[in-house]
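The same chain A turns up in both complexes below, where it pairs with chain B and then with chain C.
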Partner chain A sequence: MAVTGALVTGGILLVLVGANPVDAYVEMVKGTFGSWFDVSLVLTEMVPLVIIGLGLVIAFKARIWNIGAEGQFMFGALVGGAFALRVPLQNQFLAIPAVLLVGALAGALWGLLVAAARVRWRVNEVISSLLLNYVALFVFAYAVRKPLRDPGGFKPTSERVPDQFVLGDVPVDEIRVHVGIVVALLLVPLVGFLVNRSPFGMRATMFGMNPEAAQAAGVNASKMTLRIMMLSGALAGLAGIIQVLGSELRLSNNMSTGYGFTAIVVALIARLRPFGVLLAAAFLGALTLGGDVIQRTQQVPRVLTMVIQAIFVLFLLLADRRRSN
Partner chain B sequence: MDWSDVFGGAALIPLLNAAIRLAIPTGLAAVGESFCQKSGVLNLSVEGMMLTGALTAYLGAYYSGSLWVGVPAGIGGGLLVGVLMALFTLKFKTEQVINGIALVLLAQAATSFTFEELFGDLTLTGRFEPMKNWEIPGLSSIPGVGTVLFNQSPLVYLSVVLIFAIWYLLNRTMFGLAVKAVGDRPAAADAAGISVTRTRWVAILVSGAMSGLGGVVLVVGQLGMFMQNVTAGRGWVAIALVIFGRWKPLRVMAGALLFGLTDAIQLRIQAASGGIESNVPFELFQAMPYLVTIAVVVFASARARRSGEPEALGRPFFKGAQIEA
Partner chain C sequence: MTGVRKSFGSVAALDGADFYLRHGEIHALLGENGAGKSTLMNILYGLELRDGGEILIDGHPVDFQTPQDAVAEGLGMVHQHFKLVPRLTVIENVILGGKDSRAFRLPDLETSARKLEDLAETYGLPISARDRVSNLSVGEQQRVEILRSLYFGARTLILDEPTASLTPLEVRQLLAKLRDLARAGTSIIIITHHLDEVMESADRVTVLRSGSNVGTLEASETSQLELARMMVGRDVGILTQSDAIRDQKVDQSVKDKNRPVLRLSGVDASSRVAETGKETVARRGLFDLSLEIHPGEIVAVAGVEGNGQAELEDVLSGFLEVDQGEFAIDGKDCTTCSPEDLLNLGAGYIPSDRYRRGLIGGLSVAVNVSYDRIGEAPVGNRFWVDSKELMRLGDRAVEEYSIAVRGAGELAGTLSGGNAQRVVIARALAKELRLLVAAQPTRGLDVGAIEFIWGLLEEQRSRGLATLLITTDLDEVMALSDRVYVMYRGRLSEVPRDRESIGLAMGGANKQGEESL
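== the complex of A and B ==
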């Protein structure tokens, strides 16, 4: 119902701007699943959405509203990227795990700030995490303008990361996707286990449903908040550094097209189920690329797809309400 | 760079004048939000209300050729998001944190979409001269204070009147009493014959109108143009200021002035620092308004007793379904 509702609304908007909605949707499907090349693009787009989305599922399950994934993503990319550019590790098998760890830790640190403020001073995490996004963006902008700037470059970006840090493509003939997709696919069952099967996940869910009851049952609220925000931030940071090493190959201000926010939609559409994240990310990844296609072929602004995403979430809220009544 | 351009004697009066000007859009939204939260609704859609108001104000002024048409147009834009917020929160009773965030995402996408559709990909088309300042005769010639306070856009005077009106409405009228009762003890208020739903509807719409007017002041009173995400997180800052001001409209406005001063200082530092090759880390100053906001929220939240916070904040009310302690 929510899918239909969002697509119909999108269709009405298409008519309003003078495009043929049927043509537009057909073009979108053809442009995203029509060839192996297009499928590769969708898969590449999915990588950051899946990884960040999983982190948000962990947080949202505990009803900790982390909307700072964008900042955690950028900070992970920045610190991980700086590590790759400045630390001369030659051995690939050492370099890549090390840099991924650094990126994840940076994201965790950015998430920890939010959790610490909530635990220590009861600062609402929605506001602190959102405001920290701006801080991360400005720190990033300074870093690529000055200390990490490629002196030969015209725009403020860093130099290309050294070869031994670059994530190669998966060894499948038709598909050109960097191995970040493997990390994303492995994380799905891992987070699934953590959330649904582990004692930690049970406590987190209980904490989300009723914090007082959970505390009465022995859940330490502070420890829980800190762990969850660090985990959520670590996954966003990991997504950031993977995006640098697999797709961008250098640090640039516009390396994120708002993945941290799209991932919120991913987590909500997935109804906070880790395996659902995979489907939701595929849907939104295809929708984003479909937006590029209709911008080219139908002269419709690509941001239409983001309108559809937001409407989708609202319809989903309505559908869930019907179900619970 | 020359620091006397920022803090020097000759720069001081224009600086304070700018501080007031920059404080008003955020201040309006924050005061409206404090009123809304007093009724127990945690409205997180403020950024979306401001942004929609900014766009509709721009369109109204641009197409009519009269700046004053922008004022009702912008308020209408804010109210539109307010109606959606109220429908979801009060009628459909969905999770208000999520529908608030979803409405921000929707407003960001929908305003960008509309703007691109009408004006193409360019970001700087259709500038117009923002509203001229009104020098209040007599008062504006008082040295120092006169220039700071009485040489402002007419929208600034209107805003100040409205901010005091909100204070009056909340603290000196029966309706204000009803709002506070509904925010603290909805069941008791209901038993006393106050309609919880209707009161909260009005409170959300007040927030929508005030935030929409914030968008008007930004676009019609200051910039004379619109661009994507022109509000740049001011709506989130506004929510933070509500906590800082402990839900008291005038204290909230004082917080907005602090934010405006920080913003005025950082704009000057940016202007004085001399562009992209500058060694001054002006990005860190750009981050300053957000950092100061985070700091004041931490400071306000850290005080042991959160006096002023409505007790039923964020909780939906089901008539006859709950007995409160």
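== the complex of A and C ==
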């Protein structure tokens, strides 16, 4: 029902710009699931969405509205990337865990700022996390323009990260996806356990549903807020550094297409269920790539495909709302 | 009113209820929570529509669709929670929603104010029409509500739990005023569950039980005990318990005065959120509080709500830090304790706002029963929640505390007041406790639940638990406490355990002359 509604509304828009909606949709599906190569692209697109989305599920469960995943993602990418570019670790088995840790810690730090402001000065986390996105973005932009800039490069990007830091592809013949996908897939059950079966997750849920009752039951509100934001930020930061090492291979300003924001939608469509994040990320990843495809084959402007995406999401959320009422 | 019926969904709130009111009488409408008292009166006042039955006024049938219809027929209703706008003045509140406040024309405040003050004088209910409602005491606000009804020509007054938030002194004054009004020809219906007030003021009593009437009696020909039996349909133990038995218990508790479990000494605290714009409201906070509780003793803190009980509750549950003074449990300093620290010291807590602080509606009853033990045995360990054990403990609590649910997996948000409170208490008592802070543990509950909870608290006392009972219910104080303190304007004083002394202290004894109704 929701899908039909979205397809029809999207179709009307496609007709308005002079495209054949049926062709466009067929192309979208073909372009995303038509070949192993296309599937690989979808999977690659999913990696950051899944990892960030999981972190947001943790935060949203506790009703801590972390809107700053984009900034945490970029800051993780930046600090992790700088580590890879500047710290001469030679052994791959040492280098990769170390750089992933650094990226996650950087994201956690960015999340910690938000939590500290909320705990210490009661700053609403929606505002602080949103604004910190821009801080992270501009710090990143400065870094690739000045200290980390590739002197030989034309565009403001860093040099390529050294080989020992690069995440290779998964050893499956048909599929070309870096091993970040493995990390993402492992994190799904891990976060699932954390959220649903662990004392921490249970207390976070309690805190989200009724903070005062949770506190009366011994949940420390400050500690909970700090831990949740650090964890949420750490996952976004991890996604950032994985994106650098697996996909971009260098730091560049436009390395994020708004993953931190799309992941909010992922977490919400998944109704805050970790396994749902996987499906939601696949759906949104496919939608993004499908948009690229019809831009190329049907001359549908990229902006319109973004509108169609938004329509899909709105219809899904609408249907979800109606079901839960 | 004859054979009035009303159902909400599949539940029959009124099942053929009859009610007859005479001119110029005070008629008490008595019943447990959920007996249908308020529903019956809401129907009379046009707030709810009846499913069946007849309403006659002076012999002619009426059919009120809205309260405006009822007001036009000379009815007035004073709700338990006053419907006043605090920022407006008395007269503005009175004419708000009245007939002469037409759109685009400012009502004539001067004339109305004079009319109201004349009325107030006639009925001996002095009020200043120009005062802001936010500056008035609860008793004065109630006076405004009554005058508003009279202003619109009410010949019949319906008062829903009029004494709920008044001091004993104010209650007596109100009842006296009501008698004056009745003598002047106004018919008055009082919805209540306070037996003593019925006996003191009413001419006749109608008792409702589960939607139909048990009977109508002349107040002079009945007794509190008979009315209590009619209300609950059986003998009520708590009301027959004599003070002699209680005095024995006091003696016992004095004996083990070895070491206090809870000790407060010279405690000052101020509430986190400052009240703004209410200059004349009593200063918020606690001043120089001292109190000790020993094992096996129930100490009551009585008082009218809003005199610092909330702050005391917050201090003792770790939500509010002590500014100054000593606060110790079993000799350990607690002045900077968090709720978590207090739990670990063996302090249990029954919050006065059970839905906000005592329950998580979106989680199951089973989780609610044990959620303060998540992360420790027996509910799994630090890394894992044992959901089977959680369910088992939930089922056990449902049975032990007779919580009316189909299973422990049901969401706690669906529970009614009494059952919600049973869950809260089941959780508090599941732990090994040294001290129990029970704030308003039976507020709003029916007699059955009250009896059950009082029984639990007495049982815990006999096991040596020290209990601090913060309550505004005088019956509860008398039924349970070994010693009594009264809280007034943020200060605490120990008083003899009799109604007269408590009542006087609740009204700030030295101020009684000024606070006249």
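Assume the second predicted complex is superposed on the first by the 299 of 325 C-alpha atoms of A that agree within 3 Å, B and C clash if a C-alpha of one lies under 4 Å from a C-alpha of the other, contacts with A are read in each partner's own complex, and residues count from 1 in each chain.
We take it that a contact is a pair of C-beta atoms (placed from the backbone, for glycine too) under 8 Å apart; a residue touches a chain by one contact, two chains touch by 3 or more.
Since this is a predicted model, take the numbers as computed values, not measurements.
Of the two partner chains, chain C is the only one that A:220 touches; chain B does not reach it. Look at A:106: by the touch rule set out above, it reaches neither chain B nor chain C. In the superposed pair of complexes, A:307 makes contact with chain B only, with no contact to chain C. In the overlay built on the shared chain, the residue A:197 is in contact with chain C alone; chain B does not reach it.
Comparing chain B with chain C, more residues of chain A are touched by B.
Contacts of A:293 after superposition: neither chain B nor chain C is touched. Legend: residue contacts after superposition of the two complexes on their common chain; A:24 is shown touching neither chain B nor chain C.
In the superposed model, A:212 makes contact with chain C only, not with chain B. Residues of chain B touching chain A in their complex: 44, 88, 92-95, 97-99, 101-103, 105-106, 108-110, 112-113, 116-117, 232-233, 236-237, 239-240, 243, 276, 279, 281, 283-284, 286-287, 290-291, 293-294, 297-298, 301-302, 306. Within the complex formed with chain C, the residues of chain A that make contact are 197-200, 202-203, 205-206, 209-210, 212-220.
Every residue of chain A that touches chain B in the complex is listed here, in rising order: 13, 17, 65, 67, 117, 120-124, 126-128, 130-135, 138-139, 141-142, 145-146, 156, 261, 264-265, 268, 300-301, 303-304, 306-307, 309-311, 313-314, 317-318, 320-321. By the touch rule above, chain C contacts chain A in their complex via residues 317, 319, 338-340, 343-344, 349, 351, 356-363, 367, 371-372, 374-375, 380, 382-385, 387, 427.
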